[in-house]
Amino acid sequence: MTHVAHAKPGAHGGGDAHHAPMSFWQKYIFSTDHKIIGIQFLFVSLFFLLVGGLLAMQIRWQLGFPGKPMPGGSILPQTMAPGGVILPEYYIQLVTMHGTFMVFFAIMPLLVGVYANFLIPLKIGAHDMAFPRINMWSFWLALLAGLIMFAGFFVPDGAPRAGWTMYAPLSARPDLSGVGVAQKLWSVSIVVLGLSSVMGSVNYITTVINHRAPGMTWFRIPLSVWALFITAILGVLALPVLQGAAIMLLFDQSLGTHFFDPVAGGQALLWQHLFWFFGHPEVYILILPAMGMVSEIIANGSRKPIFGYHSMVFAIIGIAFLGWIVWGHHMFMSGMNPTLGSTFMVSTLLIAVPSAIKVFNWMGTMWRGNLRFHVPMLNAVGFVSMFTIGGLSGIFMAATPVDIPLHDTQFIVAHIHYVLFGGSLFALFGAITFWYPKMFGRMMSEPLGKVHFWLTFITYNMTFFPMHIIGMGGQMRRIYDPTIYDFLKPQQPLNVFISYSAFALFAVQLLFAFNFLWSLKFGKKAPQNPWDDNGLEWSLPNPAPHGNWEKTPNVYRGPYEFSSPEAEARGTDFLPQSLKLPTDHDPLPAPLPATH
Amino acid sequence: MTHATQTLDQMRPPFPAETGSGVYSKKLGMWVFLASDVMFFTALIGSYIILRFGMSTPWAKPGAVLNVPLTGVNTFLLICSSVAMVKAYAAIADGKKYFLRKVPGKTLQDGGLKFWLLVTILCGAAFVSIQVVEYIKLIGEGFTPAGYREGSLLAEHAAADPIKYGLGVAGMYGSTFFTMTGFHGFHVTCGVISMLYLYFTKVLPEKYSPQDYAGIEIIGLYWHFVDLVWIILFTIVYLI
Amino acid sequence: MTTPTTTHVRPNYMLIWLYLFVMTIAEVLLAFELPVSRNLKLILLLILALWKAMLVALFFMHLKFERWRLRIIFIVPLPLAAILITAAIMEKVF
Amino acid sequence: MHWWLPPGASTFAAPIEHLFVAILILTGIAFVIVEVGLAAFVIRYRARPGRKALYTHGSTRAEVIWTAIPAVTMVVLGIVSNHYWVMIKDKRSVPPNAYHIGVHAKQFEWQVTYPGKDGKLGTDDDFTIRNQLHVPVDQPVAVELSSEDVIHSFWVPQFRLKQDAVPGMHIVAWFQATVPGEYELGCAELCGMGHYKMRARVFVQTVDEFNAWMTQQAAGGTE
């Protein structure tokens, strides 16, 4: 077996020896172990992903079959769907909470909460995060925020009704939105979530800067960690802005301040500026980690070094930088100064450049490779092809004149789902499968994974591609019943088609849920390095023990030395980062910085 | 300290020579947090600037509504507490764990960590107390987050002299003033509580030494940052 | 020790405190007593405030004695703040 | 079933559609390169016994090429787009002979104020009609948008015109209808529970018809 070759003496075998046995509570609930915290995040955010998905199904029912009783809808209370027929006010709650849950409590924690926690220390050779206890608090605060948000469904008037973007003054004035309590819960939840994200991000940044193993130089860091590091920087700088905005919104709702109330001199657009100044970096928080993990998987699946490692890193940094100066493109139709709009248009179009670099470099990595189509690789290739569509459709909206008919229509809904579902979620399906053995010591089912990928790929495109067309036809976002408009009536059959596809897409995801849960107990036992990968994490047993390495590993080379001559000399096509060849010298460990 | 963090401290990983920040993790983490706090205050102060620029009627004249002498005293207190903090830092770096000690040849006694940190805490606590008094007085006069309260003394003054009291901007004035100074006060309170905690768990038991006084340094960074924010706030809220 | 805090000459903290104190007094006098135009007043007050803030950051927070890789952390948010405020103000000036 | 933008009925339709097609071609090329390339690589380079991957860390030349081409394309696209953007949205682009109509949005209706016989808004003979927008054909019309409560968005798909109505702001949007007929005005920004039914009818009439209608309404007095 090839994966025995790089086993390091002392790297495993009772790796937990220096830790006294812990009770169940210490080990799994109030854990400070970054891997357990990652797994906690995984279960919680998968739950919220399911919640978001269920909300989406109801939205699709209403759009496909407006006014018809929803199957099973009769269990909903009279205030939401009497007799199973969705009410307009419930419909807006659905779209609001679908967006909120998916963005803040599913995709963001899945990418950052789960994989920043799980991968950063494992991939840079650290024993844990820099601040394990703050890390634990970050998880519990995120869960608290999620529960506060979830509670919105069960208070009088129901969940918030202002869209996930919470545009003021609709969100600020209960008399206009019709929601009192839940609107405040939204603000409180976001403030708590912001705190959690900042705590997490401070941890990730400090860990990456200070806790790398000897020899793990900046340009030997795996791309996933680079992406997560830059994401953490975005998080630390962007989330406080949203927190500040949410606090002002909360004060408007409860203390009688007038930040967003034009009647008393406030500015309605101020909310949009603050929200999108956070919101666009947030968009990259939702895609950069996916890009990083996909890079990891594509290099592994292609058995080739990543094409243009340095430009990949600079592309990540470039996207993150541009992310701060493009927020105005969400406000092209808002009555913003048109000259400002021109500036934002150019900066937005420029994002195509680093994105193109990434896509072509992924293709360059696959070019003349030896492609192994394991499930993660399938999903990663799916990511590249779908992200490309999402990126290209963005150009339509970046060009301001073309944006006029497309803004706030289903076209933008298609675009965001091509990036967040076709992008982030495909990457996550790949990542979950790829690192599943590291988390749980077992493999997910390969045949089931392949069936899931292909069915998802097909139903996903059937669901979201036609949305471009109905968006071009002019269907506005968040409207309860498109059939009352004459110009939308002809395309109602397409809406029905999308709804059926969406139901199928949801059903296919149950396959993934089954695979995930079933493999926990009955999956094949994972070998130590199931994917023949180079990463430091695979020098540990599966699952890795608390504290990771007994002795900090040394790093001798970059993360993507697949098919190198040295590897071939060993009769394999991979070369783990921690494997010492006779020609390698040990990196010098630096002295500890003084504690003051 | 939990078991896990103890073992982690024992097996702190070595630092690669040519990389890393060159400072220990807690300090680095505090700086990253401060950067994030800058963005938080950007949201609040930025909104104030944006809203003030957007008003069509003039803002209230400095000192018309707010009590500048009182907050001037507050500013003084915060500057004093900041310098006391840095003196505490210098004291423990020199190994002075004591409260006060007689130094030969000098009339004033020499302050150690215990003395200077106590001064810091007292000044900080006094700042918060004065701010609470200020709030109570302002609200009593009729200045609330929603603007000038109907029928209050302030509303009468404002009606008589709308330019001086910025009648047209009362709502914005109240909103921004209370939010900005309120969150600054919240930061000060958090700092005072943390310092009290350190004072009783680490400073009085003399756990800090010239080899390890990370706690003093990072709480100091936070404290100076809060002072820095106040310097900006005092000028743009009270004086302009 | 190789850490910067021990290699540099410690600044005279009480002197910095005196500067801060005097500048605060100057600010209050400027705002209420000095008969200069409003715009000049505004600029002078902002310069004084930034100067004081710089003193605190450089000496009390020791940024003067830190390496650039640490200073940069504190500097990065400032242009972002400037971008946000400038863009949102431009809104009103067209 | 239509698969394209709704048939255009204003002077903005043609330039926007041309730009749309241009972007469609550009993105179409990129789409084909990427997707066909991916498919070809997936088939051609799949793992087979004895296959060896090429050991390479990349090619600076290739990377410069695929950095430069998108960069140049995007800058050109930006310059071209900006021309039309200024034409449509810039305040100074509103034609001086435009016919001004006030549109006041509120939850959940459009209140359209016509200038009456003197052709000027803000005079005594103004009159207001709910949810009906009458405009003359081939005549620039400036819509003066305002909002009562929350943010709404003035959206007539056939005119290719969308503009938010923001409370506290006075926004002027202009267009010139080219095809007489009946259209719909919808709200494109979530404005509350009744967002979906915030619908008004738009009548594009010949100048004679419009004048006749105007006279009749003005005679009927203000509502």
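Here the chain labels run A, B, C and D in written order, and each chain numbers its own residues starting at 1.
The working rule: a contact is a pair of C-beta atoms (placed from the backbone, for glycine too) under 8 Å apart; a residue touches a chain by one contact, two chains touch by 3 or more.
All values derive from a computational prediction rather than experimental measurement.
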Chain connectivity with chain A absent, coordinates unchanged: B, C | D
Averaged-CA centre spacing for the pair chain D and chain C, given as whole angstrom: 46
Chain centre separation in whole Å, for chain C relative to chain B (CA means): 15
Centroid distance [mean C-alpha coordinates] between chain B and chain A, Å: 36
Averaged-CA centre spacing for the pair chain D and chain A, given as whole angstrom: 31
Overlap residues in chain C, where contacts from two or more other chains coincide: 3, 5, 76-77, 80, 84, 88, 91, 93-94
Multi-partner residues of chain B (at least 2 other chains): 21-23, 28, 32, 35-36, 39, 42, 46, 50, 54, 93
Residues of chain D engaged with two or more neighbouring chains: 91
Chain contact topology (line, ring, star, complete or other): other
Chain-chain contacts as defined at top: A-B, A-C, A-D, B-C
Partner chain C, residues of chain B touching it in the complex: 21-23, 28, 31-32, 34-36, 38-39, 42, 46, 49-50, 53-54, 62-63, 68, 72, 75-76, 79-80, 82-83, 85-87, 90, 93, 220-221, 224-225, 227-228, 231-232, 234-236, 239-240
Complex interface listing, chain C residues touching chain B: 3, 5-6, 10, 13-14, 16-17, 20-21, 24, 27-28, 30-32, 42, 45-46, 48-49, 52-53, 56-57, 59-61, 66-67, 69-70, 73-74, 76-78, 80-81, 84-85, 88-89, 91-93
In the complex, chain A residues that touch chain B: 18-20, 22, 26, 32-33, 125-128, 130-134, 198, 201-203, 205-207, 209-218, 236-245, 247-248, 251-252, 255-259, 261, 264-267, 270, 273-274, 546-547, 552, 587-596
Chain A residues within the chain C interface of the complex: 237, 241, 269-270, 273-274, 277, 324-325, 328, 336-340, 593-594, 596
List of chain B residues in touch with chain A within their complex: 2-5, 7-8, 11-26, 28-29, 32-33, 35-37, 39-44, 46-47, 50-51, 54-55, 93, 144-147, 168-172, 174-176, 178-179, 183, 211-214, 217
